[in-house]
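Below are the C-alpha cells for one structure; questions will follow.
All chains are identified by letter, namely A, B and C, in their written order; residue positions are counted from 1 within each chain.
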Amino acid sequence: MKPDITIDFSQVGKELHRLMTRLFPICRSLTGPGVRETLSELSRYLPLQVHEVPSGTEVFDWTVPREWSVRDAYVLDPEGRRIIDFQENNLHLVGYSTPVDQELSLEELQNHLYSLPEQPDAIPYITSYYRERWGFCLSHRQRESLPEGNYRVVVDSTLADGVLNYGEVLIPGESDEEVFLSTYICHPSMANNELSGPMVATGLGQWLASRPRRFSYRIIFIPETIGALTYLSRNLEHLRKKVVAGFNLTCLGDDRTFSYVPSRAGDTLADRAALCVLKNHYPEFKNYSFLDRGSDERQYCAPGVDLPIASVMRSKYREYPEYHTSLDNLELVTPTGLAGGFEVLKQCIELIEANRSFRTTCLGEPQLGKYGLYPDVGTRDSHKRVIDMLNLLAYADGAKDSIALSTLLDIPPARLLPMLGQLFEAGLIEAVPEGNLP
Amino acid sequence: MKPDITIDFSQVGKELHRLMTRLFPICRSLTGPGVRETLSELSRYLPLQVHEVPSGTEVFDWTVPREWSVRDAYVLDPEGRRIIDFQENNLHLVGYSTPVDQELSLEELQNHLYSLPEQPDAIPYITSYYRERWGFCLSHRQRESLPEGNYRVVVDSTLADGVLNYGEVLIPGESDEEVFLSTYICHPSMANNELSGPMVATGLGQWLASRPRRFSYRIIFIPETIGALTYLSRNLEHLRKKVVAGFNLTCLGDDRTFSYVPSRAGDTLADRAALCVLKNHYPEFKNYSFLDRGSDERQYCAPGVDLPIASVMRSKYREYPEYHTSLDNLELVTPTGLAGGFEVLKQCIELIEANRSFRTTCLGEPQLGKYGLYPDVGTRDSHKRVIDMLNLLAYADGAKDSIALSTLLDIPPARLLPMLGQLFEAGLIEAVPEGNLP
Amino acid sequence: MKPDITIDFSQVGKELHRLMTRLFPICRSLTGPGVRETLSELSRYLPLQVHEVPSGTEVFDWTVPREWSVRDAYVLDPEGRRIIDFQENNLHLVGYSTPVDQELSLEELQNHLYSLPEQPDAIPYITSYYRERWGFCLSHRQRESLPEGNYRVVVDSTLADGVLNYGEVLIPGESDEEVFLSTYICHPSMANNELSGPMVATGLGQWLASRPRRFSYRIIFIPETIGALTYLSRNLEHLRKKVVAGFNLTCLGDDRTFSYVPSRAGDTLADRAALCVLKNHYPEFKNYSFLDRGSDERQYCAPGVDLPIASVMRSKYREYPEYHTSLDNLELVTPTGLAGGFEVLKQCIELIEANRSFRTTCLGEPQLGKYGLYPDVGTRDSHKRVIDMLNLLAYADGAKDSIALSTLLDIPPARLLPMLGQLFEAGLIEAVPEGNLP
C-alpha cells in the first residue's frame, strides 16, 4: 500500500501545488476520459479504488449522464487562424457542446459566444448539461476585437453511453466509525474551485495513513452533485450507520481568508470541531449559513440523508471574483494557500480524534505538585498553565467533551490537547466511556 | 343556514362599517336588552345560538349580575332644558346607575359628574358595577359652562334579576379540532373598543363558512370578563380538549397600527401564526407582553384554563387617546381600518389551516426541471423562487411545520403557502402525519 | 442550647465587629492552638461540636498536615532592638516557618524578608506550606530603613503531629433537608479575608436559631481547602443527599460593594436565590464567573462532589488592594459592612425558605375585592399592588417557584414574599406539593 509518490509534509504546500500543476490542463467533466486521467494520477499518491457506474443508471431523482468526449474544438477567423482554441484552454469550449463543423458570419457566431463584460480578461466557465447546444467562451477583450467576416467553428465531440467514475479509499483506524472526506474532480482548468479540494484530500490521505488513527477515514473523489447522489444511492445505509463526522473539501487553495458552511443540523461533531478550530486559530474566518450552501452538502445534508458534514474552506465558491473563470488559476492558488487549507483540516481532524468526554479521577482538587504539574518557578505563562489545568479538572465531569471544554474555558485546541494528554498521563482524568487518547 | 345578509368581501371594510353604524347607538352593558338587540342583529349574518344564564349563577369566583335596564336618563338645567341626555349619547349615563329623580344645586350635582379636563371635548365612559351610585358623564367643556342654579336629574333605570346572554356559532370543518374566536358585546357607543371586534368576528364567520375548512371554528359573542368566565365555566373541558388555537377579537378597527398580545404560554399555535404573519407582513406592529394584557385572555389563559389564545389588534385598548371616551367613534374606526383588522386575522387563520409538518419524498435534491418548477427564462424573481424551493426541500425533514419553515428560511407566509402547495402537487413533499393541504 | 452570649440584632454590625476585635490578634493557621482558641470563643455564641482529625490522615488526594505552633519569633537589629516582632503582629512571621536562632548580616537576612514595594506600608501575608523555610514579612518602608550590620533572628516554632480541628453545628428545621453554610478560620490577623466570614456565620446561626425554620441548617467553621476536603471526605454522602442549597461565607465585612461567584452548575437553588436578591436589592453587585473562584467552592463544586453552593460576598478575595496584607484590618471591616454582609445572606435564606411552587386555587381571575385585597382608595402604589397580585395569580400555575415569579414579574423579593403570604392566607394560592409558607 506504499504510494508511488510520497509527500514531504515539511513542504506540503509546494508539493500539492506541483501536483495541481500537472493536473490543471486536463479537461475534466462530470464523466469521461479527463476524470479517468485525473484519478489515475491521484492513484500514484493514494491506493484509490476506481468505480464505474453505467450511463442511464437511476440515482434517486436523477440519471447518470452519458460521457462527453472532446477530441478538438476551435474557431478559425476569416483569415483561417485558430483564434479560439480548446487545446490552449479547455474553458474556451462550453461544457457538453454538441459536435459542429460550420461556417458562419460574425453576427451568427456571436449567438454562440460567452464573455464577461465586467471582467474583460477572464474566460468564463460555462456548461450546458440539460439543453443541447454548442458554444465558445472567450475574454470580452478578445470578443470585442473580432473583425467582421466569415468564421469556421469546429467541435469534434461525442456524447455517448459510458460510465461515471469515482475514486475511493478507506484508511482504517482503531474503530470502524468513519470520518468521511468528499471532494470533486469534475471541473476543467480551474484551481481554487476545483483542484485545490482533491489536492488537500490527497495530502490528508497520506498524512492520515502515516499516523495512529482512532477513527477510520473514507475519502472519495467524485463528480459534484451527480457523483454525490450516485455515491449516496449505493452507500447510504453504511454512511448513516458509520459516519461520525465529515467534510466536503472544496475551495482550499487561495491565500485570502477562511470560510465555514455548517451542516444542515449545524451542531454535528464536524461543525463543533470546525468552529472550535476556526474561532480559536482563525478568528477572522467568514461564518456562512447552510442557506449559503452550494456544493455536495446539498446532497449529504438532505432530509433523510442527514450526514454530519460541514465545509471548511478558504475563499468560498461564488464569493471571490475569479470564481468560475480562467482567472481561478495556478497563480490564484498558491503553495501557502494550499498549505493553509491542508493545515486547518488537519487541525479539525486532530480535534475530532482527541474529542472525548473526560472525568476527574479524584474527588476535590488534586495536589498538582505531586504529579510534577506545578511549576517550580512561577512565570506568567506557568501561572496561566496551572489555572487552565485546574479549570480543566474542575469541569471534567464526564459530561463535557474536549470541544466543550475548549469553548467553556477559552483554551484553544492547540493548547488544550497536549494539556489533556498530560492530565491523562498523570492519571488525573479518564475518558468516558473507557478509551485511550489517540 | 344561509344568512339573511351576505357580506361582499370585495368591500368588506365598508360593509362592516355600515353594520357597525347600525349597532352603534344601542346601549349595551354586561346584560340586558342592549345585548339582546345586538345579538339579534348579528343573527342576520351568522346562525347564532343565543344562550341565557340566570342572574345569581355562580361562575368560578364570580356571580352572574342582575340586568340593568334604562328607559331614560337626563339632566335638566335651571331653565328646564335637557342638557345632558342619555337618548343623545348613552355614554352620558354612568353604567349601572341607580334610579333617581331629584332637584339639586350645581354644587351638589358636581359630585355626580365625570369629565376629563385633559380631553375637554370627550365624554368619558364610566361604570360602577360594584358600588351603588348614579352619575352623568359629559365633556369638560360643557361642564365648565354649566350655570349656577337648580338642576333636575332623572335616571329611570332598573336593576333586576334576569339573564346574561351570549351568542355562539360553530362552523364545522374536516376535523373536530377547533379554532376559537371570542369577542365582546358589552360596551355602549364606542367603536374601536368595542364594536370593531364583533364586526371582524362576523366577517370572519361568513368568510370561513364560504371556504373549505380543515378545522372547525367556534365564534362567541359575550360580555367581557363575566361572559368569558361564564362561558368557560360551562365549556372548559370541551375547550381544553378541542381548541388548537384561538384569538380574542378586540380593537380591530382604527387605521393606525397593529398590535399583538401573546397568550400566557407565549408559544402556542395562535402565537406562532400571529407572529409569523405580523413580522412578515406588518413589521411595524407593536409587540406587547402578556403582562400588558387587559381583556378576556385574562380568563382564557389563567392557570388551569390555559387555552392557546392570543390577541391580534390594531390600536390596543388603553394605548390610544380616544380609548373609553366618546371620541372612540365612527370616524376613528374606518372602513380601511376594519378591512385591515379582518385581513390580518384572515391571514393568521390561513396560516393555521396550512400549518403542517412536511417531509421531502425523495432522497437528495430533486431535479426541479422534471416537475416544471425550474424557470425556462431566468429572472431575478425566478432565481429567488428556485432558491426558496430548494431551501424548502432541504429543510422539509418532517420536524418543521410551515410556520417554522417561514421563519427559518425567511419566506413570508403569502409566498410560502402557494409554494408549499406547488411542491405538494408535484409530489415532492408530503404532510406528516398523512394529511392533505386544505 | 441557650448561648452564653446573645447577639442583639438591632446592633448586629456592632456586635459582630466587637467579637471580631477579640478574635483578631489570635495567630490562626490551618491547624494548631490558634484554631482551637478561635473555636472556643465562637462556642460561646453557638453550640459548636469541635472535631479532631489526626495529622497524616489521607483526605482524597491530600494529607492532614502537622500542627504548627509558634511560641515566639523576632528579629533583633544590630543594636539588639526587637524590630520585627511576631508578638506585635502575627503577619510578621511567614506561616509554617521552621525554627531558627541565628546571627546574620543584613544581606543574608534580606533573602528571608518579604515586602511589597508597591504597597510600602503593608505587611504582606505569606505562607510556605510545602517548602521548608523561615522568613519574616514587613512593610517595605521599614525594610528600606534597615541599617547595615549583624542581625539576630529567632523563630521558636514546632511542626509536630497533632490534629486538624473544625467546628460544626446543626440547627434542625421542619425538614431534614439542609442548607449548608461553610466558613473558614485559618487566617491570622486579617479582617475581611477572613474574620468577617465566621462573624456573619455566627450571626446567621443565632438568627436562624431564633426563628421557625423550614430547612435544617448546618454551619461549619473549618480551615480553608484542607478543612473543606477533610469535611467532605467524612460527610460527602450525607451532604449529597441532604443539602438543597448552601453558601461559602467569606469576605463579608467591608463597605464597598457586593459580589457573587456562582456554583459550578450555576443554576442551583443557592445561585437562583442569590441572584434574585442581588439583582433586585443590590443591583450594583459584581457578577463573577465560576472561573473567578478561589475559595472552598473549589472543593464543594468539584466533579463528583457537586454541591449547590455559591458565594455572596462584599469585596471579593484577590479583588481589593488590602487583600492578604496587614491593611485588611479592623478599620477596613466596619460594623455597617458586617451588617450588610449579614443582611444579604439573611435575605437569601429568607427567599430559600419561602421558595415554593404556587398554584392558584380558583379558575379564572378571582374577585380580589371579596378578599379585602382590592384597595378602597386607589393610589399609585395600591394600583401597582393590584397589578402585581393579579400577575402573581395569573402566573401561579404550579410550575414556577417564588424566585421564578420574582424574576418573571419583576417583583423584588422584599415585596414578593409578603404578597405571596397574603394570597396564601386568602386561600387564593396553594403550595405545590402540599406545604405551608414558613
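Please note the rule applied: contacts are C-beta pairs under 8 Å (C-beta built on N, C-alpha and C of every residue); 3 or more make two chains touch, one makes a residue touch a chain.
Note that this is a predicted model, so its numbers are computed, not measured.
A rotation of 120° superposes the C-alpha trace of subunit A on that of subunit B, rounded to the nearest 5.
Taking shared numbers over all numbers used, the subunit B to subunit C interface scores under half, which places it in the different class. Work out the mean CA point of subunit B and of subunit C, and you get 57 Å between them. Of all residues in subunit C, none touches 2 or more other chains. By the touch criterion given at the top, residues 59-62, 130, 225, 228-229, 232-233, 236, 264, 290-291, 293, 298-299, 301-306 of subunit A touch subunit B in their complex. Subunit B meets subunit A in the complex at residues 359-360, 362-367, 369-370, 390-391, 393-398, 409.
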